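In the two assemblies presented below, chain A is common to both, partnered first by chain B and then by chain C.
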Partner chain A sequence: MDLLIQTLINGLILGAGYALVAVGLTVIFGTLHIVNFAHGAFFALGAYATLLIERAGAPYLLAIPLAVLCVAAIGFALEATIVRRALYDQGEHGSIIVTFAISQAIVAAIILVVGPDPLPVPSPFGQTAVSVGGFFLSAQRIFIAAASVAVLAGFALWLRRSVKGQQILAVSQNARGALYSGINVPLIRSLSFLLGIAAAGLAGALMGPMISAFPTMGDANVIVAFTVVILGGLGSIGGAMLGALVIGLGNALFETYVSVSWTPALGWVLVILVLLLRPQGLMGRAQLDRH
Partner chain B sequence: MKLRAKAALAALAVLVATPAAQAADPVKIGMVLPLTGPTAGYGKDGKLGADMAAAEINAAGGILDGREIELVYEDEKGAPQDGVAAVQKLMTRERVQAIIAGMNSSITLAESAITKNRILHVNPAAQADAITAQGSPWLFQINNTASTNATIFHTYLTEQMAPKAIAVMGENTEFNKAVLENLREIVGESSVELAEIATYDGATTDFTSIITRLKSTGADMIYVIDAYPARTAQIWKQIRQQGGFPMEAHAVGTVQRSAIVPAEGAMEGVITADIFIAEGATGDMARFIDRFTEQNGVAPNKVSLVVYEAVKVVAGAMDKAGSADDYALISDTLRGNVWTTPRGALSFDDNGRAKAPYFYIHKVTGEDVGLLDTFEVE
Partner chain C sequence: MTDITTGAPAGRARGGSASLKGAGLLALGIAAALAAGFGLGGDPFLLNLAGYTCGFAIFALSVNVMLGGLGEVPLGHCMFYGIGAYAPAMAMNHAGLPYEAGVAIGMVVAALIAAPIGWLTLHLTGAYFSIVSWGLSGVAMVTALNLDVTGGPLGLFGFSRLAVGPFDLSRPQTYFFVAAAILLAVLVVLYHVRGSRFGRAMEAIRQGPHLARSLGIDVFRERLKALVLSAPIAALAGALSLPYTQIVTPEVMSVLRTVDALLAALIGGVGLIFGPAVGAVIFTILPQFLDLDPNVKVLVFSLLIILVMVAAPGGLHQLWKAAAARLSHARKGDAP
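== the complex of A and B ==
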């Protein structure tokens, strides 16, 4: 029983981390129909920005928002110079090539500027583990889960309640219709891209202390994030959160009780099953229509 | 006048094509290293060693009557397909006379399929026995094989540390396979129990549940088999967060500062081993460490050392054989001689395997490893 409880705790906390990485991907796809292969590179930038800001003397908790701003600024520059010109209204195929190229350029730039070795991202939570009733909980993971839930809940609320949030949802459903209704579609697209990139940067800043900063640190995480957003439904924020929870719990239970070796396949098996039975994903279109 | 100019050009062309002119051409050695990707740190360390070796050889007058060594680098990016592409490019486009490639066993196996019977290939660091078990006549290995290293280390773990039960976790790779095979054999001959083996995929991003599962077996020793520095740091942080194990060990030859530093103290006290340690070095090794540190501003590690040795051994064998491309002769020369390196005398057996003279048991201390015990390799 203890093993099951510890496994469920592991899965829930893991899922919260996955959700944070996946939500940026799904926002960008939902609004812009861009499959962002550079998401992992922005994730890495978030961790490196946090590390460099901390080295400059800022504490970790202050470094996180500053790092998110830095990543958003880089995202803004790339959006204005490349993404806006090359990708909007150009279909999903072009986006794969362009964002992959951006990803490679960012990774190469990191190696050039900081070097290839993994670097520690200091956090006040460090390796501290909290033992509650015999169950181990990493302090950093609790912080990630709490931050993830707070940010995602706030973001979902902002989408529903604010004018700009409503406009993002309108553009994601029908960009032409939104334009005819007087919504500044180019501005909303830029805003959506920045929000997606900022989410990747935030995920990197939060997860950096756990996995260290290294140039390709986003690769494996973004693969999991893709399974999460496909499972939940491309473009659906609620779907990304549900998908992250399913994959997080599924992975933890499978690793503990079935097979460690086969766990990476589990996410893709779930994705195939969902696509066969419910092609729009768990909360794909239905969630978008409801808004 | 035009006729005279043409005649002069023709004479010049004949001169250029003569052996005397060719003798000044550099001997090109293809260096395949992970310069980007998850093990790029190894590539950086290896490049420092290779550059230092080439500079020393060229400063001493080169090889084969004054020909300089020219190193041509290609990036294998930590992936087999990129390793194969890098080797193919060096052989066909760069026309190199030898290949030095081998940091990761799975990648080296893929690369050796391309170099087999076509070019001299020296593997500096990859350990899996399968690499040199292929019977490739022109393939040589500087590092010990995984089974040689593992036999000494696993015997040390089972006899000196004597745990009741070992829980193992490692990435699903050729290196892991060789190490596990040896561990099963050594543990089978002892009273130690192999509690559980968890083999994970390279794409695994979290190890908490694996560690939870291993802890639930009640094993008193955790043994991690992973060669990727960032993942090694992450795994040990997560082991520490779950309270750790009474005894903790990490696979031979895979613990460098590039893993210890990002682990932020989580690897403190972990037992590992390697064919190199800077602590207490004397003689040629101490001089090598001093020269390296002076030139590069950082101390060498095992990767820098074995790549340095690979370049030196290749150049030395070509020079002694009197040829840069008669691979049968160069291979015979490599097998038939003893090669002086910072570690001492190296000789190659029929499979092209060298054996390190000494083997060191390490304990992670601070941001580096400290010496725990020394063995002479038989």
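== the complex of A and C ==
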């Protein structure tokens, strides 16, 4: 029983971390209609930016926002030079290839600049564990969960309450309708891309101390994020959060009770099943015009 | 992505002149292969690399059946490549069968697996299809890592005899000639497929699935045929990599392998029948001669592919055509 509760707690915290990556992915899909295969690379950039800023002397808590700014700046540059030209309204196969190429270029650049070896990302929470009612939690995990819940709640509130947030929702519902209503669609798309990338960077900065920084660290995470996002319904933000918790719990349970070495296949099998059985996801609406 | 069509007519069979052109291209290919085979002289490393490049070109052609043919991005195609590499390795190491038998088994298995996979997944399009395809290759890779027959993470190695009939593939020159001959055979097959009713149906589907359906084309069945056609070709490519790599590990199913093939196809031109093969040669030979660090290579080629997608979605030859068109336009402008 204790093992089960410990596993469930770990799963929920894991899920909170996944949610951050997944929400970024789903916001980008919702407004730009591209699946950002480079998401994992921005996740890695977030961890490396944190690491480099910390090396320059900044404390971890200050390094996180700075790292997110750095990743957002890189995302902005890519958006303005490549994404905007190559992707908008141009069939899916181009966007898949371009985002994949961006991802490979970023990973190769990280290897060339920083090196291929895993590097620890220092964090004041370190490896200390906190005992809560007899269950052990690492302080870093609690921090990850708290930070992602706070950021996601803030983001959800911002989407509901602010004009820009409403415009993002409008564009993801119907880009042409939004355009006719006087919404600056290209601006909203750029903004969504930036927000999505920044969320990936933040996730990298938060998860870095736990899994340490290595160039392909984003791969495993973005695969999970795909699962989460598809499970929740591509483009659905609430679905992404719910999907993240489901996957976090599922992974933790599978790892504890079935097999660690087969866990990577679990996410894939879930993705495949969801896409085949319920392509609109748990909370997404069925698309009328699938093209 | 309609721009790709501009690259298509070059390789299309239409009437006698086209098949004559095809024969000419084939003769050119044979001449190039012979020149390379003897021109590379005694250098076993380069000959081995050239043989491997032919295998890689076959894989790029297989990927391009999906990419250029259907307009889908088959990220998980590396799975079929992996099946093709594992089948002869397992046949030789576990069953004592000869290499050729293993290759044939691999191709049959790939086709047999492709049929149900296609039946399940080809209802999906675009990013959904790509993700499921990637997912299946991920499952295949985890399976290869965890099973004993595949040798787990260490993979399989120490093969008995890599030979096709009397041709011993452990001799670099023989390896290259066999691989080049198979590559040319695959090109001929794909050339005829493109000119066939099935090939034209695929082209119609790529340009507009709804319109194709309205013309009476069974879109789903043609897409399925394309996958079942391309899977054994990918398996053949995987089998041809063995004499070069001498080992099969689960890494063979890494999605990066598919990405390499996609890049090769895109550089060479997805609309051209031989484009992927040319792209594969550029992709493997050029970095070898420039002595590039593998990471610099990835960086350069990724940026190149972004450039291609932004500026010339049909392949690098489009840049050349555009430049030529602009030049002739400028000349005309000067004349009067």
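Basically, the second predicted complex is superposed on the first by the 264 of 291 C-alpha atoms of A that agree within 3 Å, B and C clash if a C-alpha of one lies under 4 Å from a C-alpha of the other, contacts with A are read in each partner's own complex, and residues count from 1 in each chain.
Heads up, the rule we're going with is that contacts are C-beta pairs under 8 Å (C-beta built on N, C-alpha and C of every residue); 3 or more make two chains touch, one makes a residue touch a chain.
Keep in mind that this is a model prediction, so the values were computed, not measured.
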Chain B versus chain C as contact partner of A:V149, first or second or both or neither: neither
First, second, both or neither for A:A108, with chain B first and chain C second: both
First, second, both or neither for A:I96, with chain B first and chain C second: second
Chain B versus chain C as contact partner of A:M217, first or second or both or neither: first
Chain B versus chain C as contact partner of A:S261, first or second or both or neither: both
A:P122 touches, of chain B and chain C: first, second, both or neither? first
First (chain B), second (chain C), both or neither touched by A:A58: neither
Overlapping contact positions on chain A, where the chain C interface meets the chain B interface: 107-108, 111, 223, 261, 264
Residues of chain A that touch chain B when the two form their complex: 3, 6-7, 10-11, 13-14, 17, 107-108, 111, 115-120, 122, 126-129, 131, 136, 138, 140-141, 210-217, 220-221, 223-224, 251-253, 255-256, 260-261, 263-264
Partner chain A, residues of chain B touching it in the complex: 35-38, 40-41, 43-44, 169, 172, 198-206, 208-210, 212-213, 216, 229-230, 233-234, 237-238, 240-243, 258-259, 261-266
List of chain A residues in touch with chain C within their complex: 34-35, 82, 85-86, 90-98, 100-102, 104-105, 107-109, 111-112, 223, 226, 230, 261-262, 264-265, 268-269, 271-272, 275-276, 279, 290-291
Residue ranges of chain C touching chain A (in the complex, touch as defined): 1, 67, 71-73, 75, 120-121, 124-128, 130-132, 135-136, 138-139, 142-143, 145-146, 256, 259, 262-263, 266, 293, 295-296, 298-299, 302-303, 305-306, 309-310, 313
